[in-house]
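Data block below; observations after.
Letters A, B and C mark the chains as written, and numbering starts fresh at 1 in each.
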Amino acid sequence: MGTTKKISGKAMGYVILIGLVILSWAIFKILTPHNFGSFSNMLNYFQASLIATVGAVGFYFVMVMGMFDFSIGANIMLSAIVGCVFATRFNLGYFGLIAGCIITGAIVGTLNGLFYVKLRIPSMIVTTGLALIYESVANYIAGGVEQTLPSNLRAFGQMPGDIILALVACAVAYIFLNYTKIGTYTYAIGSDEFVAKNMGINVNKYKVLAFILSGAFLGVMAILTISYGSSMVAVTGMASMSRNFIPTMGCFFGLAFKKYGMPLPAIIIGEFVINIIFFGFIALGAPTAIQDVITGLALLIIITVTTKATKGEIVK
Amino acid sequence: MSEVRLQVKNLCKNFGITKAVQNVSFNVNKGEVHALIGENGSGKSTLTNMLTGIYSIGSGTFILDGKEIHPKNQVEANNEGVSIIVQELGTLSGLTVAENIFLGHEDQFVHFGIKNTNAMNKKATELLKKYGFDRIKAADMIDNYNFEDRKLVEIVKATYFDPKVVVIDETTTALSQEGREELYKHMERIRKSGNTVIFISHDLPEILDKSDTITILRDGVYIDTVKSKDVTEEDLKKLMVGREVTGDYYRSDYGEKVSDEVVLSVKNVTVPGLIENVSFDLHKGEILGFGGLSESGMHEIGKAVFGASYDREGAVTLADGTQINSIPTAIKNSIAYTSKDRDNESVVLNQSIGDNICLPSLDELAGKSHILRDKKRKEFADKYAKQMSVKMVDVNQFVSNLSGGNKQKVVLARWIGKDSDIVVLDSPTRGIDIKVKQDIYQLMNQMRKNGKSIIMISEELMELIGMCDRIIIMKDGKVSGQLDRNKDLNENSLISMMV
Amino acid sequence: MGSQVSVKTNDKEQQLKKASKMSLIRSLLPIVGLVVIFLLFNVLTDFRMMGNLSLVFSQIYVTMIAAMGVFFIMTMGGLDFSQGSILGISSIVVCMLSQKSIPLAIIGGIVSGAAIGALNGYFYVFRKIKSFIVTICTMFLFRGFIKYLTTNAPVAGSAKLINYDSTELKIACTVVILLIGFVAFRYTKFGTYLKAIGAGEKAAMFSGIRTDKMKFLIYVLAGAITGFAAFINVIKVGSVTSSGGNQLETQILIALVLGGMPISGGAKVRFENIIVGSLLYVVLNSGLTMMGFSTQMMQLIQGIVFLIFVAVFADRESIQVIK
């Protein structure tokens, strides 16, 4: 009986998500029938959504434990710039791009985790402070110049490179989550840190590991980002924060559908839905400035819908 | 048969200034069910938590089969052959049944970093089958099961590897009769296999029936170890409380008539999922008790009267017709409340004693000008802290490093400062030592004589019998009986209405 | 036994002594830091800072006023990252309305700030979403509006606004607002209630504080205060660009932390945190600028100093699980 319930739960989750895809597609298709929503359009939207999906599946490990990361954007920026520098200035080609991005991402994740665990300060505050530092480091490395990835190194910016990389990343995340101790302990710590600690789980170690994993996935997202957009500017003044939003939104999808036992598919489809809506607005001719409004509002709505407000619960 | 399995030697543990366990030594034999009894706060759970690695050992040693052990967490304890079934929920949501059973012991299923989930589920299924819990499926999320089934999973988790010592910490109170039988069966199995069960329970008949040996603790001190067949319930009680229960401990009066004047009337109050259709009147100068199991809904009664329940239906009305629907209204109309969850709902832990005492009285202290003066606040706080004889350096000290008893005194000082007429006390003596308990009982008696009305909610039946003019017993969210103050009242008459 | 007891109390007294010593250090460190940094930069810049004091202070008014609202929010244990966008939107409203009348512009600024604060408060208090998530969403959302409204050209205010740009007025406004805030926080139940909510919200509720109402109103208040700060901002700059108010939230957060405010709020906050923190922040910033550091370098130093101060002032005892 238990298993049938679980299967139907999963099916239920897919029905809701695919329903959302169809609904968002239908709304914009009706509004702008001509320049939106053909099959090739949809494929493009899906490819674009994969960028954030990769970051979101990594960030999910951190979010499930109940922590937060404000340095996502700064991490992506720094990783992309380091990867680009490795690939071009040091002439390391694709190897430089991939290794540079992923290693930088993982180092940033390690720093986030270590500072959080050692200083014993709320993670969002630590990562806010560190984001300031990462931004300025990125700026130094870039030397204040836009870093452009040469066109012969942009295989991950188009089919099938981007899809392969994203699929590999999601598969790795799936394995970590379901077939390693890290996955089990991630959920255990997220459920009740005290009990987990009593069970002999080295809570701090696994928190740092979650940040490292998240960082490495954001490194992969950096590869996709710079390959897709071809260049990266090192901004300062916390402007990198705007890159936080889209991966975070996907994560909230994952958290909301955790109870159906399908967090990763929920992140993938969720990011797709978000992108359909974005491109829908673009097709409608909404000015670019308004996109930020939509992003902020969309995140707020997603969280509001996915959060169950329990009476008497203390939220800070 | 009487070979020693576990030696407890000179064990101590302090929490801040509270001495939870003081120099306790005793032996536990192989193949026995060894009960550990004592009133709340006597140190039973602290002791077993040290044995199983949940707390660190203060000082002293545990010697298991001749080898000293000092586990740092439950997994280390398991590897030494010791396990525990805790009082609260010991399983983690968001994990499957199998993951919960093997939490911390996954390495047997991990090859080259990859966890073999199928092998794990298979082993868990076999175990569940062996225990006769077939209806629980290993691959299911633990969230799909209720409290009782989750406890059964904990039994598997704690005993599948044949540990030498299994601690069962007040697990039975939360279980239905069926669940209890299941647990007894496994206790017996462990005992027969030559291993040992350390059994903690408040239910003395259960203790006498199921255990071979009984060790009594009181206020963190070792009192005695006795054979179950040599003692009666009365003997145990005497050992636990430590003296003849005399008149000055509880109230000594009997037969005093309670005023007919109703100060507060509760009509058809329902809180979904917690209490159902509860009605009663509180009289002037009365101590009205509420008893029951901790899940019986009685704790919600206090909140409902104080206007703190969510989604409450029905009416709580004062003598003058005022409806109490929110906490500020309740306080304004001279109702006070101390919660069972003292650290979260009664004291503001990380604030000074002074601010804690002044908090509900700030309007009065500020007066018409709305300006608060430090001097006035300090005087007010000092006055009531001294009246309650709170042990402190000064009122600027933070509440967080006070003992449980002193925290409770701060809460009471707050409401005495407010001069409340109706006082709702939920588990007022929980985790408090005997000296402070006596102070609180005397204070309650004094308040009663001054015409204040008290609602006392408690899991300790003795104090209900000793203090109340009237006791209402709750069961499954409903009132299941009512008893008047009477010299001949005993715990059994209450228990029969509770379960 | 007797000696054991006395040893025990000695231990406890020593512990308390140590604790009070720590709290003394915590309360003095920001002030000492301020004096030291001020002197240091004066020496390093050949006392140019002393000479340019009014220029240095010209940056402080908006930050200090807006920081007071955030201070109240953080005392309750919440956070607000939307302050920059509130300042931007309110500044635009002030500019637009200043064409009609200046008093109307001031009121308009306050009302629009309060409205955004109310939006924050609604999602935080009644939908139970973590405050930092709500406020980064609204930050981004209203930043989008600011960009949209300034797409073609900056929103210019009335020329009359310049008449108000006097140091005396700005100082007077800042002092009056801080003074009101100080009296309310220190000498009325308002401050004690806020601290109680930060130190233990449930217990505060059971002591009769209407916590939800209080939390909501504080967000509205913080918005309104920043809405007023928009007026001070506009008389200085005269118009609003797409970056209007950018970064204010980070500045405030850094300033409060530099002032010695524990990030989790509660009973250990002091009103002085606002003043000392804002001063420290501005002195540090202008000092570094005067010494010719680049923006990146300044941001790097800011980040490091921020982390050090957060680590020093974090009130770890009162948060059981740090997430």
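By definition in this document, a contact is a pair of C-beta atoms (placed from the backbone, for glycine too) under 8 Å apart; a residue touches a chain by one contact, two chains touch by 3 or more.
Protein identities per chain, from UniProt: A = Autoinducer 2 import system permease protein LsrD; B = ATP-binding cassette domain-containing protein; C = ABC transporter permease.
Predicted model, so just to flag it, every value in this text is computed and none were measured.
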item: Leading chain pair when contacts are tallied as C-beta pairs; value: A-C
item: Chain at maximum distance from subunit C, centres defined as averaged CA atoms; value: B
item: Centroid distance [mean C-alpha coordinates] between subunit C and subunit A, Å; value: 30
item: Chain centre separation (subunit A, subunit B; CA means) in Å; value: 44
item: Subunit C, residues touching no fewer than two other chains; value: 202
item: Multi-chain contact sites of subunit B, meaning residues that touch two or more partners; value: none
item: Multi-partner residues of subunit A (each touching 2 or more other chains); value: 312
item: Subunit C to subunit A touching residues, read off their complex; value: 77-79, 123-124, 126-134, 136-145, 147-148, 151, 201-202, 242, 246-247, 250, 253, 263-264, 295-297, 299-300, 302-304, 306-307, 310-311, 314, 316, 319, 321-323
item: Subunit C contact footprint on subunit A (complex, rising order); value: 65-68, 115, 119-126, 128-133, 135-137, 139-140, 144, 193-194, 236-238, 241-242, 244-245, 287, 289-297, 299-300, 303-304, 307, 309-310, 312-316
item: Residue ranges of subunit C touching subunit B (in the complex, touch as defined); value: 8, 12-13, 15-16, 183, 187-189, 192-193, 195-196, 199-200, 202-210, 266-268, 315, 317-318
item: Subunit C-touching residues of subunit B, taken from the complex the two chains share; value: 17, 306, 308, 326-328, 330-332, 337, 339, 341, 344-352, 355, 358-360, 362-363, 366, 370-373, 393, 397-398, 400-401, 414
item: Residues of subunit A defined as touching subunit B within the complex; value: 1-3, 5-6, 175, 178-181, 183-184, 187-188, 190-192, 195-201, 258-259, 261, 311-312
